[in-house]
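Below are two complexes that have subunit A in common, paired first with subunit B and then with subunit C.
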Partner chain A sequence: MPVLHQPRDLDEACTLLAELDDPMVYGGGTAIQILLKQGLLFAENLVDLSFVPGLTAIEATATGIRVGAMTPLRRMETDAQVAGVVPLAAATYGHVANPRVRNTASVGGNIAHGDYRLDPPTALLALDAQVELRSAHGQRRVPVRDFFVDFQLTAVEHGELITAIEIPAQPAGSASSYVKLSSLGENDWPSASAAALLVTEAGRRTLRLGIGALAPIPQFVSVDVSGHDLETTVEAAKAAADPLIDPIPDVRGSVTYKRRLGLVAVEDAVRRAWKDQDDD
Partner chain B sequence: MRMLNLTVNGRVHDVPVDDNELLLDVLRTKVGCTSVREGCGVGACGACTVLVDGRSVSSCLALAVRHDGAEIVTADGLPGDDAVVEAFVECGAMQCGYCIPGFVLMTHELLAENPQPDAEQIAAHLEGNICRCGTYPEICAAVTSAAARGARL
Partner chain C sequence: MTETALREGGEEPAVGARWQRAAARGKVRGTTKYVADLPVPPCAQVAVYRSTRPHARILAVDVTQAAALPGVQAVVTGQDLFALLGERLLTGPAFADQPALAYDRVRYVGEPVAAVLARDLATARAAVDLIAVEYEDLEPVYDVETALKGEFFVHDVLRPSSVFGDLSHLRGKRDTNVCYEYNLRTGDVDAVPTDGVTTVSGEFWSPPVAHVPIELPCTTAWVEDDRLEILTTTQTPSYVRQAVADLLDLPLNKVRVRTSVLGGSFGSKMYDRLEPLAAALAWSQQTAVRLVATREEAFLLTTRHGAGVTSSMSADADGNIVAATADVAYDTGAFADVGPRITAKSGMVAAGPYRVENAWIRSRCIYTNKPSAGPFRGFGVPQVTWSHESLVDELARELGEDPAEFRRRHLLREGDEAPMGTVMHSADFVGCLDAVTDEIGWTTPYEKGEGRWRRGRGVAVGMKAVLTPTIANAVIQLNQDGSATLMISTVDMGQGSDTIMPQIVAEVLHLDEGSVRVVAADTDTTPYDTITAGSRSTYHTGNAVRAAAEKMRDKLVDLAAQRLGVAASDCKVTSGGVMSTTAQETVSISDLMHGHFGARGTTLTAEANFTTSWQPYDHETGRSRQVTEHWFAGAVAVEILVDTMTGRVKVEQLAVAGDVGRAINPTLVEQQLTGAAIMGIGHALFDELVFDQGQIVNGTLLDYQLPSVRDVPAKLTAHVIESAHRTGPFGAKGVGETGILAIAPAIANAVRDAVGVRITRLPLSPERVLEAMTEAGVS
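This part shows the complex of A and B:
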């Protein structure tokens, strides 16, 4: 079993990550515990962030909100500020696993896990979030659109940990929706997922799409849909999403199945976002 | 080994634990709360549910040492006249009963947040709990009945 370290502040956590052999950050711990039980996790040292203060705040910023890395996923779903500033994020986080897992799993650990099927990255991509990273050498920010590098691989470097995610406010008059399609059961990983955000700014209308579970990493595409009606927006969205879909076949569906389901998820997300806009 | 301080169902326990011990095992073997049960072991079935500082947690995925000083409620610590338990009994919301402690605690969490949930909200909150006997209709009726009784922890 790996050795558990429980630093009491961020500096101590960064020092541990820099100096220990083969360390891994222990956030909420839901994924790590499952992987440990399955014998799939090989870290020698776990650096537990649960006693590091200052990592669970949700704060308003000049441009949106900043969410501490150890904030439980469930707070993203229940917090009034999140629902008001970034409703797409609130809706998407509410789809992760089940309420108990959401009570424990953390916002930072979720994206650090890097799984291509995660729900939150789809919304974070559409919302153009930034990931705040810290190490013994200092702090840096990585756009979430550059964060997912390859299958199970993120931009987090050795010795770094995620301290926060900054999410720009959803523009006034925007509309959004998240669709998750699971083939094995209501609570399972999705076979396909899509977050759609319709933004109207300076006379132009843009559709931003985050796509999950359909390629080795979550995908993002932005489409100019100025002057489009619902049907031509749906067609434009599917045409833009199609080349990004590169499914991994597994027990949840073949390549053909997931490709088809992916376009259904995109279409459903666009139609629901459109309806959301009409309802406002 | 280190000493862990847990308040379980209102009683303070100081228990020696290893760093890698799960809250599930500590509660069952060192505190004696056998209503906390292992089902799937991966947080998906809800049989191991406990309330930690009022929030539902899958104890099968929770490292015990992260919960030093926590206040924990398990189903066997609920009072004999607990309104949620009474609603489950009166609605016949169980067959074998293995999963029911988890459902009861999830119901308490739901009603604390939302005292009058509709059917959709009940299903959404209990989505991560599995009853192999399939008594879901009775369980949903029991939650509605518990809400009507104004159940409170």
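This part shows the complex of A and C:
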């Protein structure tokens, strides 16, 4: 059984992470508990962030919002400020697992978990979020687009913890949608997912796509769709997404099926975003 | 025909009433004590070393390092137990083929080979990791096709275990992977003229699936003086007592098996699960041991039989079903478990609930090197229903007939002889079919749609025989204050027996809701009962309970007659007590008993047995005039949508009906039908244990899929059909499995309706549906 440490501030947390053998940050514990139970986790020391003040704040910033790492996913789904500033994020967080998991899991733990099928990264990629990291050596920021490094591997380094995620506000007049397609139970992990954000800035129209569950890490692509109508936008989106799709076959589907499902997710997301924009 | 009329004096009858489920409050509030919550002596915690090979000889088991780990009390290998118990180490309900620990050979990945007893579980598990086993690989048999070739055998010799009446005809065998074969020959399928005959055929497959009850299996065993006590999660306390007594060569009164309410089971906690190992460890070490399966281990303990059915159905020019054939192969894994029973009792209905003059069925139970398959809600019938309900649907379509109407025309009716030779009674297939087709508006036109989502409707009917012969007993203790205690070995695992058995007592003795308590099964006090399974308890144990209650009623009447000086025929039990018309007096139960015994707190006891009999299958034809005590009849109708872009099937509406003879408690009947339907949706759409070289690939809840609330149809209705059984308690029969039988084919038939493809392999995963559509050129 690993030892549980409960630091009272960030400095203490960072010191523990720097000095303990095999330390692991403990966020909501929803992923860690399962790994522990299955005997897949060999951390000797868990550093629980629940008692570190300031990690559950959602604050407005000059460019958007800053969300503390220990903010429960459920709050991202229900908080009015999040829904107002980054509706795509709010919608996407609302798709994670079930309310019980969302009430317990944390925003930081979620991305740190690094699973290629996670829902939230797709939206964070489209929104160009930044991850704030801290260690005994200081602080740094990593764009979420550089955060997912390889299969189950993130930019979080030994001794580091995530303190917050900064999400730029969705531009005025933008439209968005998140689509999650499961292949077995309705409430299962996605077998394909896509977050679409349509932005019009300085006369140019851009489609920003985050796609999940379709490659060893979540993928991002941006497509200039200026002058496109819906159908050509859908085609452009699929063409842009296709080379990024590199599915991992498993009980939820073969490579061929997941590829096909991925393109459906992209198409659905684009169509819904388009509709979202028409409705505004 | 429901008698819900109030009884004399405006009293509401207990039978037919919607009494609240016993222990509902405790379950919701978390105060109910399940087996793992009950107090036991300090125990050694047990962890199990499991085989990493599908099929291998065990050359050596090195436990030195494990035994040396501080905190380890003992390491026991299969060889140790075999040295002590010899072939008694092998148990099983049909064949004695399951060793509590493998000693010479392992037969599946995950089979227990050694057990560590330690002061805590972490130590026990750490020690397990230090055990080293040397194997010599044997040729593995992964599937029934390979098994049937008969080149390599999972078992060399088979010895019947002779525990149950219905399996007393099993014979010893050797050099075969087929542990049981049932054959039905009705009429002559080969003599049917082919002129004008339409035949449909198919190869159907239902994969193995897992039960996944919320409560994990848990067994604690300890030695008390010179006897063995076992507290365990089991649906079969009487069987476990016999199996353990055989294993340890103890008299039955030196083995005590207790259980509590179960947190779900669906067949997973029956016969030999953790109990033989716990018993052998406790007895050999003369200590207390506790085994709790992890969620991952539970996937290895037992599964539902994967089954292949190669079958056909033919109709003549007038649309009469003239022949049905089915070659059924149940994959029973490494152990027969109750596979032989399933193979016969379920194989025998593979022609469907139809009037069919000529039927040919071969049903085989086949060993492979995989985890053992055993009982699962439906006992093998859903797998054959998958075949006959797909075939009959296709046949109707071939003939240009409405699938519901076609079935209606051919369904067996009261008094008809079923293909295996038994005459039907209290199995209202037509009533069930009518109820579900009416509910979904079968005859009203609907748009299939032309866009991405296509709509379809499907229907299916299910038929199952109750296990026969079986035995039930009940003891009622009436207390002087007018409350009663009921001793039965039926286990309440959510189906509600602790609610309806009291309703039966209360009906006979005119007692109030809450006045009868059921004692948790305890083989020291509760009498023998074959099994709590196969939907048999309401009828069998219910009949024993009713008979015991009637004996109690007679005793009360006699006491009252004595006391009032009137004839017994003048007295009758009412809600106020025993009433004499002549004496114009009613004596309450408490006064009557106080008067009789002269003391408060006294008890009066009555007991009864209920045993059914059958006529064994004819050796040549497999037919029997009395193959079962009664039938379960059910029907399902659905309306679904198919997403033609993803292949996903969405069940919009589902109606399920079951003939229960008489609903003792309509709410519980509806809940059983509904729960079975939801479980069946899982089996239809995504539940599946995936194997790779004999190893389960998705044996964790991260990957194994079960229906969640989001898979439940927007509209789901349960329909209670009551065609009273002449010997059922108040006409009643069971219902636990009825709702699950026909779910998968109803959904597949709707997929056929919506997008025109016939899929014969379960589950109907989106990928499979899309593939079938692509192959058929549907888009």
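General observations
Definition applied: the second predicted complex is superposed on the first by the 280 of 280 C-alpha atoms of A that agree within 3 Å, B and C clash if a C-alpha of one lies under 4 Å from a C-alpha of the other, contacts with A are read in each partner's own complex, and residues count from 1 in each chain.
By our rule, contacts are C-beta pairs under 8 Å (C-beta built on N, C-alpha and C of every residue); 3 or more make two chains touch, one makes a residue touch a chain.
Since the model is a prediction, treat every value here as computed from it, not as a measurement.
Overlay on subunit A: subunit B and subunit C clash in the combined arrangement.
When the two structures are aligned on the shared chain, A:T232 is found in touch with neither subunit B nor subunit C. Of the two partner chains placed by superposition, subunit B and subunit C are both touched by A:I34. Of the two partner chains, subunit C is the only one that A:S254 touches; subunit B does not reach it.
Within the superposed three-chain model, A:M1 lies in touch with subunit B and with subunit C [touch as defined at top].
By the touch criterion stated above, A:T61 is placed in contact with neither subunit B nor subunit C. In the superposition on chain A, A:Q139 makes contact with neither subunit B nor subunit C.
By the touch criterion stated above, A:S183 is placed in contact with subunit C alone, subunit B being left untouched.
Within subunit A, the residues touched by subunit B in the first complex and by subunit C in the second are 1, 34, 37, 98, 186-187. Taken in their complex, subunit C has these residues touching subunit A: 122, 125, 294-296, 645-646, 648, 682, 685-686, 688, 690, 697-698, 700, 702-703, 705-711, 765-767, 770. Residues of subunit B that touch subunit A in their complex: 19-20, 22, 41-44, 46, 49, 55-58, 60-63, 65-66, 106, 109, 113, 124-125, 127-129. Against subunit B, the residues of subunit A that register as touching in their complex are 1, 3-4, 6, 29-30, 33-34, 37, 48, 50, 74, 78, 97-101, 103-104, 186-187. Residue ranges on subunit A touching subunit C, taken from their complex, read 1, 34, 37-39, 98, 181, 183-188, 250-251, 253-254, 257, 260-261, 264.
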